[in-house]
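Each of the next two complexes has subunit A plus one more chain, namely subunit B in the first and subunit C in the second.
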Partner chain A sequence: MIRLFDFDLSGNCYKVRLLLAFLGLEYEKTNIDYYPGRQHRTDAFLRINPLGQLPVIEDGDYRLRDAQAILVYLAHKYDHGGNWYPTDNPDLIGEISQWLAFADQLTTTASAARLESAMFFELDGDAARAGAHKLFRILDAHLWFREDAGADWICSADEPTIADIACFPYVALSEEGGVSREDYPAIRRWLDRVKRIPGFCVMPGVFPAGPAV
Partner chain B sequence: MANQWYPLASVEETAVGRVHRTRLFGEPIAYAKDTAGTLTAWRCTGSQQPGSDPSTALPVIARYGYIWATIGTPDGDIFPIPEYGEADRRNVAAGTIGVQVSAQRAVENFLDMGHFPFVHTGILGQEPHTEVKEYNVAVSQDGREILATECLFYQPMASTVSTSGADVEYTYRVPHPTCSVLYKSSPLDEKRLDVIAIFCQPTGHETLRGHMMLSILDDVNTDDFIRNFQLHIFGQDKPILENQFPKRLPLEPRAETPIRADKTSIVYRRWLSQHGVTYGVIPASEQVNTP
Partner chain C sequence: MSSGIWFPVANTSDLPHRHVFQGRLEGRELAIWRADDGHVNIWENRCLHRGVRLSIGTNTGAELVCQYHGWRYANRSAGCTYIPAHPADAPARTVRNRTFPVLERYGLVWTHFSENTPAEPQPVGQYDDLTLRPIPIGAPGKLVWEFLSDHWDPGLGLAASDDLSYSNGTATLKLFLQPADSNRTIVRGLFNHQEADYDRGQVLLHLNTVLSELRTRIENEAARRPAPEPLIPAYVPVSAELAAMPERSVQTGMIRVHVARKTSAGEGVCSLELTPVSGTLPSFQPGAHIDISLPNGLTRQYSLINSPLETDRYIIGVKRENPSQGGSEVIHDTVREGDLLAISEPRNNFPLRRDAESTLFIAGGIGITPLLSMSAALNNQNLDFAFHYFTQNRAQRAFPERLDLLGSRLTSHLNLSPQQTSAEIAGILASPSADRQVYICGPGPMLDAARSIAEKQGWDEKAIHFEYFKNTREIDDSSSFEIALARSAMTLQVPAGQTILSVLRENGVDMPASCQQGACGTCLATVLEGEPDHQDVYLSRSEKDRGDRILTCISRAKSKRLVLDV
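This part shows the complex of A and B:
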């Protein structure tokens, strides 16, 4: 059985929980008390991940860290339909990788702002918020042009990909870090579309969408 | 309000030998814990190193796992929670979360059962069990405390040791303008009550640090599981609280339309008015009524 080293309020752990839910995979969770316990800095956890970061998964003897890497691995191994991470199209693989890297930048901005204002991590909250707005403007414009072309998802595919999952949590949680989404209508519509994907699950701070109009 | 004790941080989570900074009523405050466990707190003045001027020292005490300080002159100790001293209880400082809303808004949300099925779905409530039944609210004779009793609510997972849904009885106390203590039936012992408290530190008019404390009967779970359960619930409340408008609690009775379930909240707002509270609220006299 897959084991997820998890913290309930972590958006990066939530990415993995989302994909596992979409794929209908059973898994076990080991709670790492990231806040307030800072268990990710303990020797026991540093032996699991020397970077002291969540999430980590174990699948049999195989251990993997980094949310984006885990999404790639799980989708490639367990998504037999192949829509979450299609590997037959070089252009699309490139695009997905580009947006996975973008998701990592959301972690250093939108997520950092949330850690600073909700959990009092000693980070530069204003710089993080400014960085998040810069990324949100780029994502909003991208999604607006995608919608204009009749498409729903971040990458050039008919179905959502792991890029949508990777970008979703820290955009959806941004207001907890003081990053308003008022100016990003295409982002708001995309968040609702992600929430309506069958199998979607919530975390504290993320509410389900109402029925589609 | 200034003459009350306010929580600053969990004693256990406060790193030894470091000066930590926070705010109380918008003022910068510093606190520290030394190797002997002695706690100190100061008002920060200008660019001076905290503590370098002894006249800036603030009264400080440790209660219920948290460091408490005051910028005024309290007329006594912090309100009692006698259960905290019972030997077989699990006392857990469950964590501190920052919320961008007034402390009184957070207390009011803590007192409200009506939101359980919608915000804490599957844990503290579940549709269609949405009814808040009639309950009692009274202010103690000395006026120091609000007490709401016989609050019954159906909960799918009332506590960390719940194995099935049950009608749970709640009692709420408001013994402090920004703190509340609730008592709920324990799934382990029908004669005893679990205690869950929220201690709010008003960092500004429209910002708070919410410190959570549990004193519960749980012989199964680890502290970090209990903390996680409580953080999960508070994490669900946070976006609801931050989307409240206005961010300060309006005390004018007609400012917001209460329903029967809001009986405790009505008494709480009146009680704050009677005590002359002006911080984190919109006093009744200042409320602008729009037609």
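This part shows the complex of A and C:
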């Protein structure tokens, strides 16, 4: 059984919960009270992840940290259709890696703004918000031209990939950090599409989309 | 409020299936969405309840549902159709979100805030338009305009030809500035090319690049200047009173409609489809009826049979009565397609609870009409119900194509005697349950029988709802008595042969009324003192026993004096 070291309000943990839900995998959760308990700074958790970051998974004896790394691992091991992380096309592998890195930048901007606004972390909220808007402009333009070409997802595959999952949470939660999505209509439409992927699950602050039919 | 022109506020491609677009014009936030019937709605982006943005709500295809407490607003009218916290009550029809004018042209969606309708925007060229990716810029419209007007070169050989227009002989580019807020301007644009086979993707990408680069320059300049104060649009809140209770008084004959279609809807039944002459029809509750002012001077009530989500029309079903009192006959014989009729706003005396675990509908003959609308509303929300329909024969079943939509939930009972009907109803009502609500509509004797069966089998009166179309009971108007009007400070005599309502009206006291036979409940008044002599079919037995309300069009007094809260 897979074990996820999880915190409900964490967008990075939510990435893993999303992929596990899409794949229909059962797993156990160990709750780490990141806020307000700051359990990720305890000795017990630092023994599990010396970086003191969530999420971490354990799959049997194998332990892995970092949301993006976990998505790659789980998709590669358990997605037998191979759509979430296709490995037969070098271009696509490159694209997915590029957007996984972009997701990491969302963590240092949109997520940091939310930590400052909603969980009172001492961070530079204004710089984080400006950084988030910069990234959102890039993502919106990318998605607008993808749509114009008749495509729904971030990478040039017919089906969604782990890049969509990795970018989704901190974009969907951005307004908690004071980053409005009003200027990003293509992002707003993509969020609806992700929410309509069969198996999608919500987290606090992320509303479900209505049925498309 | 603003200069009289149409502003583009969205691209057509911003309104895909079941999406809610978040827009803004002059500081006012807009929720823009397309219903499944193609209609585009531009609304104030806030729920009337708690002010939550409707753009985070759900577009169900016919309604917008607020994410916060589930208030539902109808396509077109923006009328609130359902408040989950008040499942038994119809929201007042006047609970209506603010709507703005809509125009969809050239791949753009336009609106305006001026009092008079401005002239429509003109086409850019004579060929198919390419709609640009919109570029929001964090700067005032005037600054954006200055940069664009100051020798900005869009490339592609295009040269400035007119204000925000650029052309090269074969192609034209036209830009529009949407003043989203004092310090936010959205550049939208159309590109029109006389050759069919140009590389449209290349053009879109190029213009996106050059406009994005221009944006950087404009925003750098804007950052050097003091930012203007954001615009603060005025919001009109809805009163707590209106949000909480259904409205009572209704003016008749206020809405003009066309008879768009007149068709047969079963043996002896005709269906009229009514569409507005202008504007949109008020939204209605399942079970609601309208008053129709007929060409022969009569006013008659008919239930709306269509789903409340069909907001572009009202549909009624009228059975030819034999003998007719003049209503059904004139509709069957005189009213034609294309005729103009005056109707009232919809009113609901037969509200549908949507919090029941299951719902039972029992219809007799033409009594099916309100129940069709109610079952459609439940169907739309995937709520559980069963439908029993009693008619003489199969041909008499009204609206067969709508009955087909009920599928296995419909049971038809054909050709039963009154005794057999009673036995059948006793079977249907065999197991009373607090979680089940029953709605019954049909001929008077059938309803009377159902009422006594339900009582005998121990149903809670609150779980069983009746709608009588008419009062077939003998009316005794031989009594004479005095009425004292507590609010109007008047004391009046009601002689034998006259009604409380007619005495009130003769003395200048306005009291709404509709059917005038004790069936519709419009003329209900509160009794403060005295014992009413109930002769109506509207109030339930316990309501009659309480003696605190009276239908003034038909009921009278057993005591010498009644004090009314009028």
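Heads up, the rule we're going with is that the second predicted complex is superposed on the first by the 212 of 213 C-alpha atoms of A that agree within 3 Å, B and C clash if a C-alpha of one lies under 4 Å from a C-alpha of the other, contacts with A are read in each partner's own complex, and residues count from 1 in each chain.
One rule holds in what follows: a contact is a pair of C-beta atoms (placed from the backbone, for glycine too) under 8 Å apart; a residue touches a chain by one contact, two chains touch by 3 or more.
None of these values were measured; they are calculated from a predicted model.
Touch criterion met: A:A149 reaches subunit C, while subunit B stays clear of it. In the superposition on chain A, A:A118 contacts subunit B only, with no contact to subunit C. Applying the stated contact rule after C-alpha superposition, one finds that A:E176 touches subunit B and leaves subunit C untouched.
In the superposed model, A:F207 lies in contact with both subunit B and subunit C.
Residue contacts after overlaying the shared chain place A:N83 against neither subunit B nor subunit C. Look at A:Y35: by the touch rule set out above, it reaches subunit B but stays clear of subunit C.
Legend: residue contacts after superposition of the two complexes on their common chain; A:S97 is shown touching neither subunit B nor subunit C. By the touch criterion stated above, A:Q53 is placed in contact with neither subunit B nor subunit C. Looking at subunit A, you'll find residues 207 touch subunit B in one structure and subunit C in the other.
The part of subunit B that touches subunit A in the complex is made up of residues 10, 13, 95-100, 209, 224-225, 227-228, 231-236, 238-239, 242-243.
By the touch criterion stated above, subunit C contacts subunit A in their complex at residues 10-11, 13-14, 16-19, 21-24, 29, 56, 58-60, 65, 67, 133-134, 136, 201, 204-205, 208, 212. Considering their complex, residues 141, 144-145, 147-149, 181-183, 185, 188-189, 192, 207, 209-212 of subunit A touch subunit C.
Those residues of subunit A that touch subunit B in the shared complex are 8-9, 31, 33, 35-37, 39, 117-120, 175-176, 178, 203-205, 207.
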